[in-house]
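In this document, chain identifiers A, B, C and D correspond to the written order of the chains, with residue numbering beginning at 1 in each.
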Amino acid sequence: MRALAEIQVIPIGVGVSVRREVIRAHDVIRQTGLTTELHAYGTNVEGDLDAILDAVKAVHESLHAEGTTRLTTALKIGTRTDKPVSLAAKLFDPPSS
Amino acid sequence: MRALAEIQVIPIGVGVSVRREVIRAHDVIRQTGLTTELHAYGTNVEGDLDAILDAVKAVHESLHAEGTTRLTTALKIGTRTDKPVSLAAKLFDPPSS
Amino acid sequence: MRALAEIQVIPIGVGVSVRREVIRAHDVIRQTGLTTELHAYGTNVEGDLDAILDAVKAVHESLHAEGTTRLTTALKIGTRTDKPVSLAAKLFDPPSS
Amino acid sequence: MRALAEIQVIPIGVGVSVRREVIRAHDVIRQTGLTTELHAYGTNVEGDLDAILDAVKAVHESLHAEGTTRLTTALKIGTRTDKPVSLAAKLFDPPSS
């Protein structure tokens, strides 16, 4: 089943700056081969639902293995049966003023 | 890896009332055998991360198979390596007034 | 406008344990007089939308004033015009097995 | 207090396609004068926390006034006291392969 998702990873206990862990999480997601779009509040992804859920698991496993003690991930998943899903189609052109 | 999660399923296109689909989603989650706690904004679960991710997939598959055209799930996942996770421990007693 | 909401406050940089700040956030929300229901992934609230948004602001102001350097809040807000909203009505009885 | 936020508006009961309402929500946010960045899972904003919360309220009021019966908004809010917040600074450059 194809899906779209937004993955936001929040490391807890690494200090006020979480940049290193957030970059690493994005990298783990990108290395899965999923289509990704990075933005200020997470990584949007497009692909098979299994692959997306595997990517989320890989992020938790990788960051814990590399020393992050606690992680919270906020995930949004979208699926539909009436037509193909894509990040490009979801991202409409905003109306001109 | 043990995890806690909150799963909120939002069916799109079934009308203003989404009660039937939300009840069904909770039932699918509960039938996986995960520890569940229902509240007004979703189902909190405790269990193996794989089982939690499988439950989310099962919700999308079941509801689509039963006629829901579009689904958005909001998922929060928490893992930590310093001590066991549990819904009971996470739910602190609020301070008395 | 009446609304339901879920407020989850995540302090960043206070360490692996965030219990003290999460209890404090819940307390700030509760002191606004909103109807609240605490669960493992946040505080569900029922009340006027203005009051709910004010409560979120009060949490950020209070916790920052008390020393938390960085805060992320995840908020879900629900409103509808066809009938009154309430946490009790939203929380359906799960079907018996 | 300056803040960053992500605002995702989900209209319930308007049908499987929610494009018209989502475009309208983005437009309401943009008209507040906040710095906005549209992506496939919402609108990221930068500005005063009061203005951000007002924008969320304006979205609910406008869409309800224009006929949407039910709305769910998912909002993430970030504030910090150690340095200025900005969408640009939050959006790190992803590492090259």
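Convention: contacts are C-beta pairs under 8 Å (C-beta built on N, C-alpha and C of every residue); 3 or more make two chains touch, one makes a residue touch a chain.
In this text the structure is predicted, and so the values were computed from the model without any measurement.
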Copy pair chain A, chain B: interface residue numbering same or different (half cut): same
Distance-maximising chain from chain D - centres being C-alpha averages: B
Inter-centroid spacing, chain C versus chain B (mean Cα positions, whole Å): 18
Multi-chain contact sites of chain D, meaning residues that touch two or more partners: 12, 16, 69-70, 72, 74, 76, 80, 82
Pairwise touch network: line, ring, star, complete, or other: complete
Contact footprint of chain A on chain D as seen in their complex: 4, 6, 8, 16, 19, 22-23, 26-27, 30, 37-42, 44, 74, 76, 80, 82, 87, 90-92, 94-95
Chain D-facing residues of chain B, complex: 10, 12-13, 15-18, 69-70, 72, 74
Contact footprint of chain C on chain D as seen in their complex: 1, 3, 12, 49-50, 53, 56-57, 60-61, 64, 69-82
